[in-house]
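Consider the two complexes below, in which chain A is the common component and chain B and chain C are the respective partners.
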Partner chain A sequence: MKDLKIVSTQSTPLIETDSHRGVVYMEGDSYPENSFEFYSELVAWVTSYLKDNERPMTVELALLYLNTSSIKVMMDIFDELEEHHQKGRDITVNWRYDVDNERVAELAEEFKEDCSFAFNIIGQE
Partner chain B sequence: MKHNIKALEQRVVAALEDETNQGHPLHEVLEALWQYNQDQWSRMEHLIRVSDSYQDMMIQREKTLSERFDKHLRQLDKITRISDRYQTALREANLELEQASYVDALTGLPNRRKMLRRLKAEFDMRPESVRLAMIDIDYFKRINDEFGHLIGDDVLVSVGNLIELTVGELGHISRWGGEEFLVIFSQPDQAEIEACLKQLANTIRETHFESGDHAKIRTTISIGVSHYQAGDSADTLITRADDALYRAKNRGRNQVVFG
Partner chain C sequence: MSAPDLFDLRERFDNEKILLCFNGPISRSLIEEIGNALRNYMKSEQASPAAALDVFAVYIELTQNIRHYAVASQLLDADTATVVVSYRDGHYHVSAGNIVRQEDGQILMDKVVALAALDKVELKKVYKEQLRKPREAEATSGAGLGLIDIARKASAPVVPSLKLLDNGTGYFSLSVQI
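And then the complex of A and B:
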């Protein structure tokens, strides 16, 4: 399975995947001009990882600001994770934020609302 | 009529089974009619079963569609909520940045940028009453050299506070750069401004600034003042205040010069 390594830009986050460890890593701001196109590879990777095996999956996030279509993409990914979690898959999301920016934590809480898998919001100094 | 159908059926069955009716010319016709009737019933039941399952399917489909619709509505609601909060957070961050971009980080006073905006606004409203005072701490470099930059910074902050306190409601103060402060007065009474600036020079001269050890720091300020003249722009007004300040320095510092 081909892993992703997308470097960050001023308007798009860094995206890395590790299919051996079952990890997705994202960091930065997300304001792509076309979010659905920008995230299509990641969405395909997640779907295919979840289809191909039964192993656990961890999503490591250090996202700051997201535009509306990025929010939609993240919610779709969380919905897909939730679906697989309901079928017994081990899923973890770790959303890290700078303690100086409490707003990020509040927004992560909004995303967490409908998720029954482990969703940790971790403040960092 | 419907409630009689069972009884009628029983009568037909009984008539067909009755030994005495066997061989009767109508027996065969009745039997054929009975059979036909039975077939129609079973077709009807089949039709009802199929129709029922179609209805079931439609109800199921409608339920699925409405569940999906509800799910999308909930999702839309949530996206809107999160998006609004992001926008609010950005707006707040913007406002904070905007505020910060108008404030001098060391003294907390309005900075040069803010001052230029204010000057432009005053100029647009009532240019003829605008007066500027350019204030510079005398021999400030010596304080930095002798006591270090941290103490020098403290003196800057203290002088800034004293100017702000003394000027009060008469004008607006800003840190113009280095050890220079610019005050804009929109007060037509020259005598009052003169008195204020002389008092300011006295206050600074008499203040003992903290040096960090036992020795207290003493300093003075030089002030150049300019007043609007016909044809002035904000720039020429600033330049004349600068020139007046230069003359105050040349005349031995520790004084106010009106340009």
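And then the complex of A and C:
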């Protein structure tokens, strides 16, 4: 399957996927005006990866600020991962953040509350 | 015709502890640029990263709400936004306003007043419920979360106002203390 490599802009994060290793990587701020349009490729990639194989999936995040429509999209993605985790798929999310900014950890915690797969919130000095 | 009295304007900004003010048609790129200036300013003022992120988040939700409303309503001049960020009495304040249809303004007033009556725990519950609602097909954004998110980040009830104007329009604004 075709991998994504979307460069970051001021209001959108870097997004990279690796279908061989089953990894999605995202880094930066996310506040596009139309988040559903911006994230449509990623959402399609995740759906297709989960449909095509039974392999584990890891989401590596270094996201800082998300506007509410980006939060909605991320929740939808996590819900889809949760669904597959319930069916026995190995799913991991690692969200790295700067320990000086507790808001990022709080945001990640709220997502984690609704997920039963491994969701690691990793503070970095 | 007299030239604008800039010194007078500046004095007013200083007196009201306004650190950033914008009035005019707002575009996606302007939102980004002003937001960038706001972030840099807060960094130079050594605001805590949490406070800086809260101010930025409220600024983004307010201004993007105006942009979405302008597109959805097709109302003339609805995209002309007034945005003010100030710092007084130990708190940052973010305010934004624009022209709306009176009936839309009233719906917003009611929503904001209803949210202002909720405590942080109740706001979180409402937020999570909204997050779980399926998205309306034609909705490009919003997700209905913006006003709740703003209320959650505010350290005092959000102050809405609606000033009735001609032709069934009104000037709607929100003032948020962080």
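Methods note: the second predicted complex is superposed on the first by the 125 of 125 C-alpha atoms of A that agree within 3 Å, B and C clash if a C-alpha of one lies under 4 Å from a C-alpha of the other, contacts with A are read in each partner's own complex, and residues count from 1 in each chain.
Please note the rule applied: a residue touches a chain if its C-beta (ideal position, glycine included) is under 8 Å from a C-beta of that chain, and two chains touch if they have at least 3 such contacts.
What you see is a predicted model, and the numbers here were worked out from it, not measured in a lab.
In this overlay on chain A, chain B clashes with chain C. Once the two complexes are laid over each other on the shared chain, residue contacts for A:E54 go to neither chain B nor chain C. By the touch criterion defined above, A:K72 reaches both chain B and chain C. Applying the stated contact rule after C-alpha superposition, one finds that A:S35 touches chain C and leaves chain B untouched.
Once the two complexes are overlaid on the shared chain, A:S11 sits against chain C while remaining clear of chain B. In the overlay built on the shared chain, the residue A:E83 is in contact with neither chain B nor chain C.
A count of residues in chain A touched by chain B and by chain C gives the higher number to C. When the shared chain is aligned, chain B and chain C each come close enough to touch A:R103. The superposed model shows chain C running into chain B at a single listed stretch; among 41-49, 59-67, 95-103 or 167-175 it is 41-49.
Residues common to the contacts of chain A with chain B and with chain C across the two structures: 65, 67-68, 71-72, 75, 103, 110, 114. On the chain A side of its complex with chain B, the touching residues are 65-68, 71-72, 75, 103, 106-107, 110-111, 113-114.
Per the touch definition, chain C reaches chain A in the complex via residues 28, 32, 36, 49-50, 53-54, 56-57, 60-61, 64, 67-68, 128, 131, 135, 140-143, 145-146, 149.
Against chain C, the residues of chain A that register as touching in their complex are 10-11, 31, 33-37, 64-65, 67-69, 71-72, 75, 98, 100-104, 110, 114. In the complex of the two chains, the chain B residues touching chain A come out as 75, 78-79, 81-83, 85-86, 89-90, 92.
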